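Each of the next two complexes has chain A plus one more chain, namely chain B in the first and chain C in the second.
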Partner chain A sequence: MNDARTLIKKYLDHPVLLDHIDDEDDLVAAGVDSGEIIRIALGCEEHLRRALSDTELAELTSVRAVSRLLSEKDTPCG
Partner chain B sequence: MWLTSILDRNRVRFPDALALRDPRRDVTWEVMHRDVSALAAELARRADRDARVVIVSGNRTEYFESYFACVAAGLLAVPVNPSLTPVEFDYILSRVEPTLAIADPAGRALLTAAGHGDLPALPIEDVHLLPDAARPPERQSLNPHFAILFTSATTGRPKGVLVDDRSLRLNALSWFADVPVDHETTLLHACPLFHGSMVCALHYLAAGATVCVLDGFTPQGCLTGLTKWRPQHAFFVPSMVRLLLQARGLATTDLDDLRLVVHAAAPMPPDLAIEAAKVLDVDLETIYGITEGGGPCLALRPSDTPGNPPVPGATCVGQPMLGTAVRILRDDGEPADVGEIGEIHVAGDGVMLGYWRDDAATAEVLRDGWLNTRDLGCVAHDGYVWVVDRRNDLILRGGQNVYPAELEHVLRHSPQVADVAVVPAPSPIWGQVPVAFVQPTTPGGLDEAELVDLCRTRLASYKRPAHFVPVERVPRSPAGKILRQQLRQRAERLSDEGGPR
Partner chain C sequence: MTRATERFVPVPADFACYETDVRWAARVLDTGPDHLETLAANGFPHADDPERGPLFDHVDLMNLAMYGAGNGQTIPDLAIRFLLRFADADPRTWYEPREWRVRVRPPKHAPAGLTAQEYRISRPDVTAPGIQAIRPAVADGVGFEVVVRITGAPASIQDRQIWDVYAELVDALNTGTVVYQAVPERLRMRHATAWELGMADCVVTSRLLAERLRAAGHTARARRGYLLGLVGSDHAWCEVYEDGAWKPVDVVFASLAGTQRFDASASFVAACGGGRFNRLLPCQADDAVALVAIDDEPAPPWALAGVSCQPWSAG
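On to the complex of A and B.
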């Protein structure tokens, strides 16, 4: 979970916002801007060194979802 | 009348051709005609003519059908940004006093959260399920109203721009003169459909073209759309282009059909334009528009060859589109000489009728038919128009307008804020972002979390300052006016040091 939080914080204008967001919270509902979400997704692509699928993108809604994605680094994706 | 004539004409000419596409459905002109008729009949049954209908939804094909149905039923569409906070949303609804809403599930939740849960709301996702019905008889008039488009405000509160049929007509005909579009064209429209740029998508529909919309912009979703729908044209704001170029999937996406990227809403940095043209292998067309001007006003076509910028950092926005007149005025109201910088004014049938129920605000920007854009610019010797800067304090964040006054108004509610000034800082991705210089009530650091939380509850997230900078004192003139230029320079230095992103 720490990797996910580190990655997300990197793309937030105000990293302090993440301190008030639980792992399961919806990031947008918690105040993360849609532009920040886009950059988090691009950050995940950078980390995984591959493009995200539409499904992965749609599921990228919480800290836990980001963590799950990052932990599947070696899983091939369509 | 304009939109219904488009619908009737294209239904006969291209009944089985696709009018609209989104990730959920494809809509032929025949189906669109059915849906619009059914929805218009339902709207007319529930609302009197000239009533306002709020549309609050993410992008989808039914959003376009809602615009057409409102016109067909003699009602005024009021599209609203669904990412507004309940407080912001409530203000707009209190201004327009709607009779009905057309909303998706999130929009209906926003209605409830804003205290408007009793407003009848038609589920936009169920438009295709409405029973077949004849379109209500259309009242013929020379110039029916079309929509009220809300913009951010210089005064801290949004204002509604009243757009009429005449504006749409003129703009569409101007578009056809400057953008090569016909019924075989497919457009990927990446911008939100509550935004003033949606009129450009309506112009493609007027030509019988196919318009494809994304639910919301993501670079990856955009690549999927480009692959699936194979558009020849795409409409982006520059930030979208920047993000698209960063997507890893771009390298393996076949963009052979894409020929033209139309961009608007914010200046395109020259380096980004060069990279986009090269990587995407497309022509670029610059559109200069303003919601109060009915949308597009000037165009720089791919074949245009303006000279060097008359002023360092100036952006060429081409020439006035057909039917639009432009003049540059000095501070004393006299016409500026060639090459002389002044305020850009536009006139023509595209210009708004005025702000909704706000004659004073209208009088500030509209005089003798000329709209003051508040942009500073000049006309070069070769006739091309260049934008140099903005006279007012508008911040263009990723193509969305943010006014400092609105942010300052909210931040002053914090007990730790004695004074505050918000200015733009350059951002490599968003073009500009707001930065708040805060004078604390008590010396010492700021509780950033408290300010972020205040903004989260009172401001749509795209308006939130990217940075809060504590200052001993907000610089003001002897008359009490914020010395924004000083702060802008400081914000630029902050950006150079890797501050706002």
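On to the complex of A and C.
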């Protein structure tokens, strides 16, 4: 979860906002604006070095969702 | 970035709102204040305030951001790319039933104490074709939350005259006769003027297309709501009644497809002329009027609602 929080914080205009957001909270509802969400999605793509699918983008709504996505890179294939 | 001002049409002074100061403008453009001072000195539209310095129009700044960087990495460019990524998927997924939870709220920096009477957010139109409320909209402060099932429908426009009017608008955007760019809300409502000035967005094109189709004897209307995906994005489109059904016609989607911003398949372009996608949520907004109003006036850019949406399952 720490990797996800580090990535998200990087793209927030006011990173301290994330300290008040729980892992399951809806990021937009918690005050993250659409421009920040878009930058977070771009950050995930850069981290994973691939484009996110439409489904992955739609599910990118919380710290936990970002963490789930990022963990893909750490999971060995096969 | 200075040359970017030649790639879009600045907001005419009588429709502009010069209230954005250098500090905020620098943040929007991700540049330094000195650059803004230079732009103002070189004639970029602004008003001089004796205390605050040069003040810019927010829409001009958005267009400068979109046309200035040229690297496809600006927020408007990325929003288009992410929100239209569904076009890359199997066309069957454009139409199958999808359930969404949608929350619409004022932005975090909105003044505290706004009431629902002062800050009005249009609710979803659950009577529209393909829209079913799984959980009716419930108030959430001055915003709302709703769960909807949206079922798309493949279709195409059959009437040659409708197709020609639609194609004419798409062609104007594709050739640059009219520039696809941000347009201030007041000018959106004067869509013919915006078009004559050479600027258009989804609201302008949907209202203009509906008007031209009605003038030609067809039954047509402009709709406005949210394009759902990574976030919910304000979007407008035209609907024309043909063969006993309302068929959406989307000039902006069709135009964006195949551009540098968004490279879509021919089947997606074809689907923009009559197909109803399962991620467009129409709201109660006759003639595509603003979705958010403060004291019955269209909300300024800083007050636009935050829209979160996510796939929803009862389980």
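Just so it is clear, the second predicted complex is superposed on the first by the 73 of 78 C-alpha atoms of A that agree within 3 Å, B and C clash if a C-alpha of one lies under 4 Å from a C-alpha of the other, contacts with A are read in each partner's own complex, and residues count from 1 in each chain.
In this text, contacts are C-beta pairs under 8 Å (C-beta built on N, C-alpha and C of every residue); 3 or more make two chains touch, one makes a residue touch a chain.
Given the structure is predicted, the values throughout are model-derived calculations rather than measurements.
Using the contact criterion defined above for the overlaid structures, shared-chain residue A:Val16 touches chain B, although it does not reach chain C.
Once chain A of one complex is fitted onto chain A of the other, the partner contacts of A:Asp33 extend to both chain B and chain C. By the touch criterion stated above, A:Arg50 is placed in contact with chain B alone, chain C being left untouched. In the overlay built on the shared chain, the residue A:Thr61 is in contact with chain C alone; chain B does not reach it. The contact surfaces that chain B and chain C form on chain A in the two complexes overlap at residues 13, 28, 31, 33-35, 37-39, 41-42, 51-52, 54, 57.
Residues of chain A that touch chain B in their complex: 11, 13-14, 16-17, 19-20, 28, 31-35, 37-39, 41-42, 45-46, 49-52, 54, 57.
Touching chain A in their complex are the following residues of chain C: 27, 73, 75, 78-79, 82, 85-86, 88-89, 93, 103, 105, 107-108, 228-231, 233, 306-311.
On chain A, the positions that touch chain C within their shared complex are 13, 26-29, 31, 33-35, 37-39, 41-42, 51-55, 57-61. Here chain B touches chain A in the complex through residues 83, 216-221, 223-224, 239, 243, 246-249, 252, 398, 429-430, 433, 448-449, 452-453, 456, 461-462, 464-467, 500-501, going by the rule given at the top.
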